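For reference, chains read A, B and C in written order, and residue numbers begin at 1 within each chain.
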Amino acid sequence: MEFIDIVGVWIAAILTIGITSISFKETFFSRWSEVTYLAMGTLTSIVWFPTDLRRYVLERVAPGGAWIPLGPRGGYLFVIFAVLIGIIAYGRYSRKYFWLYRYYLSLSVGTGIGVAMRGFIGANFLDQIRANFLSLVVPGDAYTSFNNTVMCVVVLSSLIYFIFTFKAIENPTVRRISIIGRYFMMIAFGVTFGTGITTRINQYAGRIEFLIIEWLGIKPIA
Amino acid sequence: MAMRIVRRQVPLVLTFLTGMIYVSEWFVRETVLTDMTTGIANFIQTATVFVFLFSTINLTVIHVARIRRQLRGPKQLREIFLSSFLLAMIYIVGIVSAYYTVVRGWKLPSATPEYMWWYNNWYLSSSATAYAGTLFYIIAATYRILRIRSRESLVLIIGFFIALLYTTPVATSYIFGLSSLGEWLDRIIVTAANRAIMIGVGIGAILMGIRTLLAMETGYLGAREE
Amino acid sequence: MAEKPELKEKKTIWDKLQDLPVSSLFILVILSMSIIYVYPIGLPVPITQMAKDTFNALNTLPSGSYIWIYNAYATGSIAVHEPGLIAILRHSIAKHFKIILWSADTPIMLFPRVLEKIKPDLDRANYVYGKDWAYLYIPGGEPIWANILQDVWSVVTVDKDGKPFTQMPLMVDIKNRGPTYNSVNIVFFQTTGGETVDGMVRQVNVRYHQMTGVRLIGQILEIMVPAARPYYNAGNMDGIMNGGVGAAEYELLLGRPGAALKVTDMLSLAQLIVLAYWAVGNVGFFMKRYSRASVPKGGG
């Protein structure tokens, strides 16, 4: 291993320990580690700028570049307008010229909404409702009948909790059903919380692996 | 009046038009609409190249303000040092690395050894630990806050307990039926509850989307000038 | 008249149980994970139906199928997503799939680590870059994914290193087969963001599944799986790789144990310690509630 690689491993280990120490106590060392992480995360956008400039601006007008509307001559206009919209977006830092930023924002927001909405109805409604059309009585299969019934009850009661949040106060039957829905949702949230711990342990295991193998050079006894 | 149209109405019309082009393309599937959606996506991709400095400018403004505050003891000196270090790292390492990507024939940063050393040893380790370090906050919260104080919290804790045991290989190996129970809980209760949440969220999202496209929601444009 | 002495509440054992220093919990978790990593026990890992479905989604496709892999994982989840990506790539190479990967900037920075591990598999299967597999740099979110599967050549015409598609037989072949979705049999994505899951379901499954039968599988963090389960249950997703645990299951099904499997022992011990501390806290809470430990009032 070269000297520069050894230095690199030590820096990585120091930063790992520094960031971990934030949970224990805030010290100068933990603050420095935090600041380093913030700086490195921010500078990636500067580092990638030349690559993005070449790929998505210069090569777009080059022969054989990615398709752009208005034909080969119109391509220059297209790219010039896009660059202009990108540059005037910096108006967000000025009170007087903030309105220039709205052009970039409106295109992004409109695109995002259009793209999301068109699939929402299929994925979040039709397919989910279709999947919940289950037979409550499956002949000869009590287990599946039970599961289907529980599933329908949970979905309906949870939906009633959401949709009738205000009206539930008036109608006692609806109120009772929405309380049942609330309990089922609490189980789901508990499961999510538990899996959150699993996620973080898995992620931290990677750091322990690095410290043991690469920094301390200890090989596991397999 | 003209300025009001340019500053507010034109962006709202742009939002509506781009949104409607995308929605129409889904249902109509005509080549001209597909070409328009491709054009819009490529246009935004090109424009986004130039907004790379947003995060850098935000951090610079905050930290220059910190540095300019009057000196008032060791704590302030510490903050000045850290802010200066942060800005120095961003600008020196960032600009030098960007320079190297260019002089090496406009290669990707991943093909630039100078930058990869910084990335792998400084950023990768700190970033991975920062994400993983939230483990300690979650387990501290589990110990201090997750108490059985009411029926709802009891139900939440039952879900939490089963989920945690179910993803523990040693528990599923030695506790009979835990694996089946956990899978049943995931497959039926969790799926059903999240399905209801998904439908509810979907209703809200579609309504908000329609309101935004029809200019009934304009919060994303920021405060009015007048 | 004598003054009444004030009520004093002693700090009992039950208060102390609720107030243990959390740093002791952190140190115990770190130490236990480290020790068990060096001295692994090798506990069995149960394989769930969801892991089997994820595996079969790939395994039941014929040789020569096209797999599109979208990696959107961040440096923070490298310990979880890297083993998953390696397992999927190994499986795809073993099945002789055509592999097209695409991502934004961060996963490209992390890919050399993955390439180092799968290089022997690529060499053994005589995989040639540009002919059997390719990696494209395409930043952008959902609007771009919609266009990629419609016509990838309209979005980008070079790979991540700037090599033109015209010099890559794989990409030329995709163009010759008509719209890109004709060359997509399965899409595998990796992400740490919930909006990617929703976006992939909308742009891949809802749009193309009925048309072409394209399959969709993904590796997401364990915490995101409950919210994604309705998609899996409704058939929008053919399988979900459940974070690091799912990657370990996939490695077992593939018969190629890797980094994910090594972590499962650490998971066991750490989670048991967390549960133990939680139980101790609750015992203290309940016992405190139902016992009295105040100093009695004095007489007049």
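Things worth noting here:
Keep in mind that, in the parts below, a contact is a pair of C-beta atoms (placed from the backbone, for glycine too) under 8 Å apart; a residue touches a chain by one contact, two chains touch by 3 or more.
Just so it is clear, the model here is predicted, and its values are computed rather than measured.
Annotation: A-B is the more contact-rich of the chain pairs A-B and B-C, by number of C-beta pairs in contact. If each chain is reduced to the average of its C-alpha atoms, the one that sits nearest the average of all protein C-alpha atoms is A. Averaged Cα coordinates give chain A a centre that lies 12 Å from the centre of chain C. For the pair chain A and chain B, the distance between mean C-alpha positions equals 5 Å. Distance from the chain B centre to the chain C centre is 17 Å, each centre being the mean of its Cα atoms. Multi-chain contact residues, meaning those touching two or more other chains, occur in chain A at positions 20, 23-24, 44, 48, 51-52, 54, 56, 66-67, 111, 115-116, 118-120, 124, 128, 131, 188, 191-192, 195-198, 201, 203-204, 206-207.
Residue positions 26, 29, 76-79, 105, 137, 139, 143, 146, 151, 154-155, 162, 207, 222, 225-227, 230, 233-234, 245, 267, 271, 274 of chain C are each in touch with at least two other chains. Counting partner chains per residue, chain B shows two or more touched chains at residues 22, 26, 38, 40-42, 44-45, 48, 106, 108-109, 119, 123-124, 127-128, 130-132, 135-136, 139-140, 142, 146, 161, 164, 167, 186-187, 190-191, 194-195, 197-198.
Taken in their complex, chain C has these residues touching chain B: 18, 20, 22, 25-26, 29, 43-46, 48-49, 74-79, 105, 108-112, 137, 139-140, 143-144, 146-147, 150-151, 154-155, 160-162, 207, 222, 225-227, 229-230, 232-234, 245, 264-265, 267-269, 271-272, 274-275, 277-278, 280-282, 285-286. The part of chain C that touches chain A in the complex is made up of residues 23, 26, 29-30, 33-34, 37-40, 76-80, 105-106, 137, 139, 141-143, 146, 151, 153-158, 162, 164, 166, 198-199, 201-203, 205-207, 221-223, 225-227, 230-231, 233-236, 243-245, 259, 262-263, 266-267, 270-271, 274. Of all residues in chain A, those touching chain C in their complex are 20, 23-24, 44, 48, 51-52, 54-56, 59, 64-67, 111-112, 115-116, 118-120, 122-124, 127-128, 130-131, 188, 191-192, 195-199, 201-209, 211-212, 218, 220-222. Every residue of chain A that touches chain B in the complex is listed here, in rising order: 4, 7-9, 11-13, 15-16, 18-20, 22-24, 28, 31-54, 56-57, 60, 66-69, 78-79, 81-83, 85-87, 89-90, 92-93, 98-99, 101-111, 113-121, 124-125, 128-129, 131-132, 147, 150-152, 154-156, 158-159, 161-163, 181-198, 200-201, 203-204, 206-207, 210. Of all residues in chain B, only 22, 26, 34, 37-38, 40-42, 44-45, 48, 106-111, 116, 119, 123-124, 127-128, 130-132, 135-136, 139-140, 142-144, 146-148, 161, 164-165, 167-173, 179, 183, 186-187, 190-191, 194-195, 197-198 touch chain C in the complex they form.
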